[in-house]
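Pasting the structures in now, so scroll down.
You will see subunit A twice below: alongside subunit B first, and alongside subunit C after that.
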Partner chain A sequence: MIFQHLGAAFELVLTWNMFLIMFSCALFGLFVGSVPGLSATMATAMLVPLTFFMDPVPAIAAIVTTAAMAIFASDIPAALIRIPGTAASAAYVSDLNALTRAGKVGRALGISVTASAIGGIFGSLVLIFAAPELALVSLNFTSFEYFWLALLGLTAAVMLGSASILKSLIALCIGLMIASVGMDTTSGLPRFTFGLTSLLDGVAFVPALIGMFAIPELIRTFVHRDLPPPAAPIGNPFSLFRGLGGVLWRHKTNLARSSTIGTIIGILPGAGSDIASWISYAVSKKFSKKPEVYGDGSEEGLVDACAANNSALSGAYVPAMVFGIPGDSITAIVIGVLYIKGLNPGPMVFLTSADTIAAIFLVFLLANILIVPLGLLAIGFAAQILRVPKLVLAPMILGFCIVGSYSIDASASGVVIMVVLGVLAYLMEENGFPVAPTILGIVMGLLVERNLVTSLIKSDGSPLGFFERPIAAGLALTVAIIWIVPVVLWVRRRKKRSGETFV
Partner chain B sequence: MSFNRRNILALAATVVLGVAAPAVAQDWPNGPVTLIVPWSAGGGTDATARMIGTLLEKELGVPVPVVNRTGGSGVIGHSAIADAAPDGQTIGVATLEIGSMHTLGLTDLTYKAYTPIGLYNSDPAAIFVRADAPYDDMAGLLTALEAAPDREFKASGSAQGGVNHLALAGMLLAAGLPVERVAWVPSEGAAPGLQDLAAGGVQIATASLPEAAALMSAGLIKPLAVFADARLDDAKDLPTFKEATGNDFSLGSWRGVVAPAGVSDEVAAKLVEAVDKVVHDPEYLAFMKDRGYATQWTPSGEFESFMETSDKALAQSLAAVGLAKQ
Partner chain C sequence: MKVHDSVIGALLFAFGLWVLATAWSYPEMPGQSIGPGTFPSVLGALFMAGGVLLAITGLRERGMGLVMIDPGWRFPARFAAAILATAGVVAFAMVFETVGFPIGGFVLLTALFILSGYRSPTWIAASAVFVLAVHLTMTRLLYVPLPAGLLKGIL
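Take a look at the complex of A and B:
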């Protein structure tokens, strides 16, 4: 099907013009991804006016390359200064940073760059070979299915924590409470906004993310004088590969599993690369032989989450190309560009513009392959900041945080949110409460609530609706098993133990 | 002169007043003309505004930066346009929400806070059902709705109080049915609402035609009528709601260029002239057509009365669905 168009596609892709565009967009994506506060979505939106002047294939290539690079590159500040560049890295920030502190920054980012590329290539292959069929499956998802999926995500939050389940639950609830601020889309009325217009759209996510990760670190640097000795930066980029093959080979099943999870979540409209990396990280921990090191420098968790978030990026294009339904906020913009370029999304586009579509698919593969060499270069440069003493670096990080939070809607409200939530995160961490479940609560809170309420409206308030559709029932069963099994095991262990005492 | 505090204040005041003094028409444009968009980058309003900004730059010979002031369900951006100095150096794009925000009690701002420049786009809402639905036309659906008990039919297409919700409510009222007849299932926008229709989550969806184009060409959903005064050029076969049922009703999202209230008549006239040229530029028209947006040009005074009508229609629909703030 796709093969007879490959020749024409190669002609469209292998030109100097394309090479230049992809190369410069890759650098742009690396920059945007590594600066906390600049998101991949923002970078895509900034590219749109430029794409007006390009042919269809270069226009899509520019966006695909920028986004793929940005999602990978957000791991760089996560590893070096413990601030995720985008939400997609939030799940495994502490792992990346723990590895950096242990002097293994090369290994950490080496895993990130290769797993990202592999996940991205996997997602692209799925897009190439099964887009129309998979898009039809995604159409079976209504609010009932999304409700269970979101609940699965929240369950992941509690399983993620290295802290006690109770503390993780409390942290999750704090996140859910923060998520409930703002305009309630189901009733159309503002909630907990205290009459502040800037809170109508809820607590802005990017400032929350930056604040909750960066501010506690900064407070510890300045107040507690918690100054670890500078970690050894990377000598030469090739050292990143040392021992990497072994790690990846050991975790080949993880790679396959997380690329699949990532692609599936990417395909579903309304769930993107951030949720993909959280869920695959949680699944990874659940099946790991060493769950205790998760959050404390687990290479296995990194492999999983990095593969998942880049594969989700490609998966999101499946419903976008076939039905014009965005799989995430980036494809929402891409759909607009497709229309401008006369590639109106729909099943027909695969027939009427087969050469162009095949060329776009090639671009997906190329962009993900480009991650490796360019990523290594970027890591080599960026890792030099580890030589800078922390007391010198910290004020600059604070500056970046302020600029990043401000840039979201060009107002001081983002900065206030960053500081308030940052101090909250500091207090939580000082008292042994994990921050990750709170972040997930903010991300997923609205998704759970909105799908719960809309489902109840559809079923006229009857809870039976949540189990009537086959996929919904399957997801419900999964959630039930995850919740019930640990309780059963715990009860059994207790019985056994109490039995032993009495014998 | 020593730089004591009073001197510095005086100096600052001179600078600020100097800048804020109303521009005389022959000075305009005096430096960049900022175009404020109340919605996020990448959306439809943003895309059309950026196209207008690019062409306006050529027309005026000064930079026209597009600034997205998002948040507050549109309140922040719309306020930013209204609060800007009325010197013509700051303009913006106002959308349909300027009529619903104040009725919802989110702000005191209304269309009266602006100097209307011109309406450049309005996309009427249309009503869709699944392709395998048992009704072939609008009359068939209305008959089914008349016979059905309240809330048996579910519809989606926007948030509560969003344009597509109000379109459905207004349609029911116009057809003489109670708004409770159809339960509104809120969605984050037209695309998720239409997907829910295709997935079988709801039986009816309201959205503009370009938003539904892909699912229509996939043969999954079909339009029954469009809420416009006349048939659309791109969909000659689709009857208007009035043709299909005899009841008059039209509603849809719209976008127009506005300046803050108080802009001098000369500057306003120059703005109208410049934007008029832009929206008749072949490059702009080709862009709007490719993207599936309807084009129109309703300048100044007519635009103001358009906004007034839209405001009243929205207030009526919002009151009917119980969302109007008392």
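Take a look at the complex of A and C:
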């Protein structure tokens, strides 16, 4: 169904305006990705106010390009100064740096740039072919299915993160709580507004997002001042492709496997590119003939993890476009932008705005293809980028944050929301509470509540209604399994351990 | 600032209690067993349960003070920069329309540069150029109505 709209889509995408936007966003993404501590999500959050002034397709193009470039570019500081630019590179930072120290920095970054592009293109293709089919199925979904889907997404966000499950769960509840501030959608009653009229519409999403991702980083930069070590010299960037073809060909099954793993993890709501790269790195090590070199400059592990994190980035858009449920925090931002554009994500959008959707898919492919030439450019300039101290950037980033959170509805209350939630996020992160579940909670709070209340009204308050439809029951079972399995494993481990002590 | 899990747990419990009490005070919808308070009550209960669990696991772990502060906070200039970047920005927001982004932003950025140790005139010029460039881009190119404030009529 996507192909009949390709012609119109090409017209939307192949314009000078689009090219200019994608090119500048690519540079922005490469810059943010290469500066350690500035994350891909933060880059996207800072872009959001600018996207208000664009049409839907350029707006999404801006975000997709920035994110794809930032995820790749975070490998550059990982290789040169052993600090990952974003969490997505954390899994293989030692391998990248070990290769750099062995004088193979060109090879290391060459693998990273091509594997990233291949993974990204694979994920985009899956998105292009799977999303419209899924959308057809989900046209029959009712509030019961959506409630379980949303719950599944929130569950995955809690379970798959690296923080403790309890703290992730609390972080999620904080997000859901923030989402319930404002006028209740069913009864019109103002909730938790403390009498402030500016809170009647709820906590504005964009300032919340900018604050929670940027302010903690700024406070840490101003106060903690963890300075990165000096960068290793990069030599000739054109040495990148020497022998690269051979390496990729040798690891072609790895490429296919990790692109698949990455895409699937991306599709799972709540789990993003960082988790994808950890898991596919672990899988790669398990099946490798040389597991002992992992962490010590393994090219194989690098191929796997780099392909996985970029394919996850595209995979995350499947649930986002089809159900309006974000696959990770970047897609959470994109969903917010789509709503503002009146392009409410969900199965209907595939019918009503098919041209736009096809154009967005094309953008994905383009952005991932652009990684190779622009990545080369970035690698060439990497040493210079890494010389910019974060401390100099911090006041300017704060300036952007103020402008960004003000411009959403031209009101200073956005700025206050940004700071308050930013300080909250700083305190949360200092104490081991992850911020990503909170963001998902803010985005999905209304969806969960509306579907819960609608379903309860439909079933006359009886919880049985949630299990009567087959897909709803299947989803409920999946959620239950995800919650129960870790508990069973934990109890068994404990039993086994106490058994060993007594014998 | 790291706070002991048992303290956070207690705070979460109290917060959950407050949420629950507030949610119960909301009127129910006529003829329905659910209302605007249903979802928040679930959250309130989860906060209370989470608080208790966190406090219990926190009490098992020893060897950490009730509150631990990053050594960076002891430097007056760094402390001041962080306060300026948070409370200072809130204060700036209060007078955003009257003072305007160009003047307020310039003062904020310059102060932050000075507190971070960048004291040469170059950095004062850099803040001026940056703020002006952002202001003009936003107002002229993107039509975001950033207030010019004190510079109204000039910019």
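Assume the second predicted complex is superposed on the first by the 276 of 503 C-alpha atoms of A that agree within 3 Å, B and C clash if a C-alpha of one lies under 4 Å from a C-alpha of the other, contacts with A are read in each partner's own complex, and residues count from 1 in each chain.
Everything below uses one rule, namely that contacts are C-beta pairs under 8 Å (C-beta built on N, C-alpha and C of every residue); 3 or more make two chains touch, one makes a residue touch a chain.
The structure presented is a predicted model; accordingly, all values stated were derived computationally and were not measured.
In the superposition on chain A, A:S198 contacts subunit B only, with no contact to subunit C. Legend: residue contacts after superposition of the two complexes on their common chain; A:I457 is shown touching both subunit B and subunit C.
Of the two partner chains placed by superposition, only subunit C is touched by A:N431; subunit B is not.
With both structures placed on the common chain, the touch criterion links A:I170 to subunit C but leaves subunit B unconnected.
Of the two partner chains, both subunit B and subunit C are touched by A:A410. Of the two partner chains placed by superposition, A:G123 touches none, neither subunit B nor subunit C. Touch criterion met: A:S187 reaches subunit B and subunit C at once. In the superposition on chain A, A:P84 makes contact with neither subunit B nor subunit C. Applying the stated contact rule after C-alpha superposition, one finds that A:F222 touches subunit C and leaves subunit B untouched. Looking at subunit A, you'll find residues 49, 186-187, 410, 413, 453, 457 touch subunit B in one structure and subunit C in the other. Subunit C meets subunit A in the complex at residues 1-3, 5, 8, 12, 19, 22, 26-27, 29, 32-36, 38-40, 43, 46-47, 50, 53-54, 57, 70, 72-73, 75, 78-79, 81-82, 85-87, 89-90, 92-94, 96-97, 101, 105, 108-109, 112-113, 115-118, 127, 130-131, 134, 138, 142-146. Across the complex, subunit C is touched by residues 49-50, 53, 166-167, 169-170, 173, 176-177, 180, 184, 186-187, 189, 191-192, 215, 218-219, 222-225, 391-392, 394-396, 398-400, 402-403, 406-407, 410, 412-413, 415-416, 418-420, 422-423, 427, 430-431, 448-449, 452-453, 456-457, 461 of subunit A. Residues of subunit B touching subunit A in their complex: 40-44, 46-47, 50-51, 54, 67-73, 75-76, 79, 104, 106-107, 151, 154, 156, 159-162, 183-188, 191-192, 194-196, 198-202, 210, 213-215, 217-218, 220, 287, 290-292, 323.
Interface of subunit A with subunit B (complex): residues 41-42, 44-46, 48-49, 52, 139-144, 183, 185-188, 190, 197-198, 200-201, 204, 269-270, 319, 322-326, 329, 332-333, 336, 339-342, 344-348, 409-411, 413, 450, 453-454, 457-458, 460.
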